[in-house]
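Next, two complexes with chain A in common: one pairs it with chain B, the other with chain C.
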Partner chain A sequence: MGDMKSVALWRRKSLSKLSHAASGLAGLELAEKPALVEADEEFATSGVKLEKHHTCCHGCYNNCPVWVYTEDGVAVKIEGDYDGTLTKGALCTKALNQLHLVYSPRHILHPMKRIGVRGGNEWETISWDEALNLAGEQMALATKKYGPYSIMVGAGGGGTYGNVFQRVTQDAIGAPVCISGGGCQCYLPADCAGQWMRGGSNNRHEGNNAREMWNAWNPAMECVVLWGAQTSASGAAYAARANADMRERGVKTIVVDPYFTEEAAKADIWLPIRPMADIAMLLGWFRYIIANKLYDEQFCKYWTNYPFLIDPDTRLPIKAEEVWPDYVNPSADPNDVYDTPAYVCFDARTNSIQPFPYTLPENSPVDPVVFCEAEVNGRMCKTGGQIQWEACQEWTLEKTAEVTWVDADTIERAVRLYATTLSGIGTGQFADMSELSSNFIFGTMALDMLCGKVDKPGVVLTEQKPESRHTTRPTHFWCGRPYQETFGVGWTVGLTKNENLRRSKAAVERWNEKGVDGLAKQKEFVAYQMARLGSDHHKAVHQWQLNELAPVRKALLVGEPYKISVRWEQSGNKYCVMSSGEEWNKAYSTIDFCIHQQPHMTSTTFEDADLFLPTQEWLEFEHATEMTTQFNQTYMRKQVVHLGETIDPFILVTQMVDKLCEKLGGDDKVLCRDFQFNGTYRTKEDIYPQWAEMFGVDDWAEAVKHSEDHTLTVPIDELYQFYQYLDIVDDGLPAGFATLSRKCEPYVTMAVMNGHTGFPYNFPYEQTGPQGEWLEYDAVCTYREQSENMLQDDKEYPFYLTTGRVAHYHHTTLRNAPYSRELMPVPDVRINPRDAKRLGINHGEWVELSSRRGKTRGRAYLTEGVRPGVVMMERFYFPESYDGSQKNPTGGWRQCNVNLMARDDVVNPTFASASWRGYRVNVVKSEKPEGVWTEPEEFKPFMPDHNVECNTQEVFHHA
Partner chain B sequence: MPRNCLVINLDRCTGCDSCIVSCKLENSLPLGIFYNRVIQVGPTGQYPNIERYNLPVQCQQCTHARCVEVCPTGASYRDEKTNIVLIDASKCIGCQYCLYACPYGVRSFDKDEGVVKKCTLCQHLTAKGKEKPACVHNCPGGARFYGDLDDPNSDVSRELAKYPDECIHTLGAPEGEEPLTRYILSPKYATWKELV
Partner chain C sequence: MATEERMAEIEKIMSRRRSLTEIMRKILGFCKEQRSFACAEEEMATYPEFKYIDQSQASIIRILVQAEALDLIELDARGNVIAPSQKNSLSEDELDDLICSYALKATDAAIAVIGKMTTEKRLDALFAASPDRREAYAGVMNLCRTPQSYEQIESALSNKAPLPSRNDLSDLPVYPSALLAELENAGGLVWNDAWELTDEGNAYLKAHE
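Moving on, here comes the complex of A and B:
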């Protein structure tokens, strides 16, 4: 690339080359030849080098295994791997379209610097040296002027390769502000619930949980509840395949969804619920199961914390020592390392309150009553079970039917089928994107616990793989990163307070030994943690080191509580995945310098970026651990092609922090430079030995050259591991669960403690509420509605908006994939034909939607699949809006962006989840917006360009 | 002669359109040209008492192929070796009679090349009996099968054998076309609708 000062529109490829690309180029012509089968012979004599490479897709989080064919180094075909345990060769459109994304004329291959004004869309290509210098200087300037809190990181799925590299980068530089369109709105609540309630995984279909329903080898499951889970869209290949196999095996499905999804259409029982009435439905199920004694009483008594009596003031389970100070807990660890508390229950044998030590059920000195209240130390205390019962007591079938708009008989059939079979609840992400996130995930997990659907064949809540079995009392730290070892901060659940304190002190001591004031370093780290905006109100944001969204926007606008100067955006397109786009647009304009790293430019680049750093598409990206596992297989993610100067994001973030330290005058000028290496690496050479060892090969670089399948497979017999909690471990007791009580905690003690002091994130320090007070988060599933709901009479905004997934796109990706766009060029607004008729709207006509916060447009899709009064729309943005052919280029995020109507001003108290769905809207007829392509031929500029610098060397090498 | 065709199990199809994109990439089809489409049939009824299914449609490999009968140049022909209906692009004059004759709308006219195109059952992959058509190979639901209806051990025959007659359907044949493609749809999911 010679002419360094030329103004580039995306890439310096001429239009004539683009049109050439559109008519089909070298690589793809192969397939047009009459027979690929003859190709083997043909190639053998033609001198064209034909190779086959095994790797895995990264079009979403599911990592489906693929074979990629290259011809003289150019990828020409992707097909599914028949040996994928679940996929059996399946691939969805997202995976297949990688051929068009990696060779897309929009895939940026060199760093670029904006010239002219933001939004002017003029760029010049610069070298990596210049790019890193510029970024390093700007970050150093901000740090010197305003401190490290002034560097903000943008995280999120879709086009990024995980989140670990972002978190350790924040930790290294001490920059607390990180926001994500997902996170608090996607999976963080489930991650917490899994850990807090059972010390392990959760019930989400995403994330390799809930796998027992796909157990075709020793099938036990009779029924699965798919609650707001569009598995065939979110797991378009592997889950669709596995679900089809599951249904064929005769597993019954209960689908709870307001929309008639693929899953609903094939369900044995569909509960067509009023959108966001899920908490009422859950409480109806709780009541029915408890009132009809369909729960697993033995499991509740001895393996959950439901029988524990709860202190009405602290809302915490009362420990035996609080009642009987001289009580000697027979299960306590004499070494004071592992924590196995004894609680207080009402004992049916003695008709009195008694200490309830942790033992095997048959050795228990008490017969605990699950649902009751009793006097303890002069106060009436309820059990955890009683508190859940009182929260659901009024939810008779009739009332549940009235509030959820599903008839009582159908609800009863569903709950009976669920409660009387080997079954479990698998959930989708929908409730995370709402104020109800904690209520929903706590409720669904607790229902399975109430029914004893835990850690046994035929249920959802299982912990798998041999390494999940324990030999000591199970413990749990909320993430895999060594905060306790490095900074002495955080609580390991399952260890005693003294042991946690010892570990904290040891960490401080290690700093002291290195000549650094350990206590000061610890305090610096804790101050950085607590500086996360909104974390004083919503303390579970620490789980993923995130911030509440609205306070970040406010900080950008007013500079309070601190100035944010540099934005380092590492996700695709925040304008598409978050609410309040116009407000963010204003807020981001206050940023002094914005760096955007992605494989493709998005609205974010167009509107805000000053520097664009090109990262790799998945055919260019190699890794051994990050996004490489599906079910029981771990794939060697191989770099099949490498274009221009694109870079591995793990290397990029490391090089950037190196440059920042250089500009600041040393590694000691940031919070903890080396902490970044808990997930990142400087060059490939640095990490290859680790990866090679993991896959059992001598040399990674050699191994990836061969057309060999290096997949690591856990044998099925070893994958499925049940009854782990009953293993007798080294203290002579059953292993139990990695929770505070060593039992399942459907009464979510951790949520209560988190609200009070920020536990477990900042121990031995406390983060209380804004006025130093304890905040009280729900501990059981409690009735809530969205602030804007369908029970309200709202003449101004008579419709209710919900959203759903489509199989074609993941987050903000693939909107520049021509073969997807010609199938789904714009977002559908799904609306009931009876509503449409009333409004004079025909199928395929444009409509405008508006909420109290914003408006947007979409194309009407008339379907009886949605309830009258409801509309459903998928998020979207249009990369063609800043195509060179547009007369008035724009960022492409205003035309059809459902999130412009969404809200982040009211959020879930625990998890700070904003509402990307579940609010009131109005719908009127409208016109097609400007700058949007809808006809197949219009997408020609997005067709692939093979005439690029193929198979270039990595930019950064070991010194 | 073999009766090679696709069998599509609608009980397993999720309407994800992977078959369309697989086909387009395998056959380098231009934008706007499709050998197959997926039609959503329904929902019929009134919310919430509704049903629906996805219907992927491509060349049905008719026993009495009207497209072959109306072709003035022999461009649309039945291959002697494989017994399947194909198009010889070198003989196609772009008159598009076949588009009108086909009751299923599965042929496309490529304006740039001036010829009609359609599904070849991926002859370049399947001719030697080793590989499957791309749409079958990659199908997420495992809903698509390829093979000879007359061979009881073929993938298509084995899949059909799992289902009673009431679950097995063909598209309507207004002129007695006798399409080979079989669709499996169990009444517990939805009632088969006669659309042609």
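Moving on, here comes the complex of A and C:
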């Protein structure tokens, strides 16, 4: 603080001296006096200490490398790092606004305790000791009164500091309820699809998957389909920057988007699809490709599960032993560790059903037919390929055009370009936020598999880095956390059932050896898992340990099935990222105590929090793994500044659980205290050795001072790896994929098994209905429409709402960054000029949107970029609403919150994805909401405050 | 503002944070008669629920005053109520000298609100809402005649048939914590380092034996 004040004083003094000198000079004749005067000694010897630091942005999930300049420890400038492989020095407004966020007068620097009523803004500063004591006491009280399920956690999306610390915290204390405004709605479906269908990464564009399109070193890709990916808005400096290079290289782009995005504007073919008609479009592509034999038959035959005959009752691929009990699988592991099943196919050579063991294609005893039906054990069974064919058979170009509202010729041009070139589909998050999430992601991945666009140059679905090569049959566990090792729960795909059981038993034994009843501990863990709300109907929520939203809200409102007493909110502002805000507002009132941790107070703090714990902005945050990798580079995330008593969120959660254990009377009073350390740490000193090892340095603390010297870079020729599945591994067979069949699974067997028993999450236990019922989830891309769609005649709500990202903001962040707000003070409602004219609405005028669930406002932005009948809007909230200058302070989430109209009562069956877009609305002219700032000068209270304690010490240190 | 609107506002404030509701209800009941501020603070300190709250008595009282659930009455040195006319033309210092203490009295709207919230009425409503749970509720209340930990309640209920939950969005049965919280919200049970039957809860059980 002293430094900062002296800098400010110095500046004022210098300016004052200069102005004094200038005014003096004005009255003098220069010739009469010497021009040079004796220097002020203090001024002459003073100066600022200029430093330059390397770190990476955390404004979104792209992690762009940056240089940060400080003057006497104060960050004054951020610029892009020209050595960023793809960013090449580019930065976006989100990154640049960090200077406004870290020095924002709204950046809370000390723990705060509410002293008035919720829904007000009266707080008192307390110490960290007091804060942790209070949090620990309240969590312990809830645990003692109601058991551990009474503590609920709130997680955030990719703009927060990650989800690992939330998940391990839940596991440590055994608290099943965690909700995320993203999660089921954002990336979880893609994460599952990548693992379930190919045992690896997925086709999500913009992040660190799907990077072959940016391969400028050995360019092979000819075309890429950007399906619902608004790259320029969500990843302007990284993915969009790389996309620009990609287009320069001549890669053609097909953009599927109802909105005329920046990507659409530069596309070779734009399919301006009816919003949420994507499944129909995908099926049209499937049909065209299959009917015109544009698929890769050899790949489908030998490297996908399309030729496997499917049991019509169980919907699972039939294994050879089910038909021929004495069958000896030549590819089976004699040690019964690795699983390489043989299935049943219809063999074109013998014109009969035959066992289909796993071999190299040239060694295969069968010539499997991909699309057929055959009798097995007295029942007619279809192949996986046939099931997909029947799902798409009716989707001729004409029908697809009729349903998607894109003309048939354009669709044909697009699908032909895609199918006949080295290409792939890169997807955006859009369909995750709808009821269609599973069908969309399964469909896009399966199309690439159908066309053999897997693990070869020029396609999207590739695995990268040397680690992607295998020496044994590839396996995968759904997350990096040791559930199987610790609790003996979960199935490692690629291992046999017996091996999975052995591992489960070994975990139980390890507990027994420690004097704890291992079986009881395992059951306690499984009971906690299955108590996750909504997981009984949407079992894939276990992938990210999430809960379906509506059952949680109802649990709060009715107090059942169990009491939730403490809310530990670790994300920004749930009120503007989820539907049903008013209901949540009531629901959260039933909470006895609410803890909110964030760098800035939000609507959530205003409405609900009783205790606010300040976490660090990214210029204050140091890490080695959390959001540090971009493309082929991993950066040391350096703490450039540190204000007040802000805290690393990974340390915070650990300290909180420590305190909870202390108040409960011991570490053994929670489910598994040490599970916390699979991702978090108590102090920086505790984790430094691990980070040092990761970066190959002796001393992290010393090395990070010159973080620019320690960027880990994977050489490009090592980054791009292809044909891993063909490597012969130690069993003499090709490595294949880390899936159940060791092949790509466009017929998503895992989805079927997940619906039946919750597989693979709770093995050796099953999650079925009350009477042991199975649920049946779609295994192939199947036609579905949103429950509210544009095909309906709806006079009351004649418009259809889609949403999209904007370049100025990420999730709920940055609304208190004054320059971003100056650029975009309120949300735009993009509307076609013909609709606007009919409604008497001019560009920039306020409009009100309403759905069957709620209403909101925004400013009309007239554009031909949306078709008539469609409106597009992005989420928003107003932190100025609880500024001290307001006559009637509010939480700022009711005025222009698009999600007040959204719905979570109908969700995707597999993933519980709710509809944050894709529903009917009405539009009328309206007025500006009271208290909302729109003019640049109004944002003055948000301008950076340099009169703070800068570069303070971390709060928690190793004992 | 009409009484109904004032009542709605008070109910809203009282339900804004569940852990304060019962404390507020009790202190409003205590302040049906005019009480000195200090006396109200002392009274609140005796509530088992207050032990676990991070807010001071003054803070809770201030919330109720702001919600117009309590009237804050200014008293002079002799304990007399200061009339508005007495304050006319006084300087800030003179006003400070005049006001020596405060008293509190529940407003009519607040009294009407807590009149709807008697333990008997809330337990009646709870039992009536789920006739199939009467035995379970009564069983838990009877158990709590002697203080019970959560684990003891959980263990006692473990051999009972699972009850269906009112949360129709989940197939999970009702957990003991839900039954306990419902009885707590109705005023039948209170947490006092263990679950205990309240006097009102005891009276209710007796009346319905």
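Please note the rule applied: the second predicted complex is superposed on the first by the 902 of 959 C-alpha atoms of A that agree within 3 Å, B and C clash if a C-alpha of one lies under 4 Å from a C-alpha of the other, contacts with A are read in each partner's own complex, and residues count from 1 in each chain.
Keep this in mind: a residue touches a chain if its C-beta (ideal position, glycine included) is under 8 Å from a C-beta of that chain, and two chains touch if they have at least 3 such contacts.
Computed from a predicted model, the values in this text were never measured in an experiment.
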Please work out whether A:G769 is in contact with chain B alone, chain C alone, both, or neither, and reply first, second, both or neither. second
Between chain B and chain C, pick out the one touching the greater number of residues of chain A. B
Answer with first, second, both or neither: which of chain B and chain C does A:P561 touch in the superposed model? second
Touching partner for A:V117 - first (chain B), second (chain C), both, neither: second
Touch check for A:L134: first (chain B), second (chain C), both, or neither? second
A:L99 contacts which: chain B (first), chain C (second), both, neither? first
Which superposed partner A:E937 touches (first chain B, second chain C, both, neither): first
The chain B residues in contact with chain A across the complex are 11-12, 14-18, 20-22, 24-28, 30-32, 42-48, 50-53, 112, 123-125, 127-128, 130-131, 134, 137-143, 189-190
Mind pulling up the chain C residues that touch chain A in the complex? 13, 15-19, 52, 54-55, 59, 62-63, 66-67, 149-150, 154, 165-178, 180-182, 185, 191, 195
State the interface residues of chain A toward chain C in the complex, per the touch definition above. 113-119, 134, 137-138, 141, 144-147, 149-150, 531, 533-534, 536-537, 548, 550-551, 554-555, 558-563, 565, 589-593, 610-611, 769-770
Inside the complex, what are the residues of chain A that reach chain B? 22-24, 28-29, 31-38, 77-80, 88-93, 96-97, 99, 232-233, 236-238, 240-241, 244-245, 247-248, 260, 262, 265-266, 270, 272, 807-808, 818-820, 822-823, 832, 863-868, 935-937, 939-940, 943
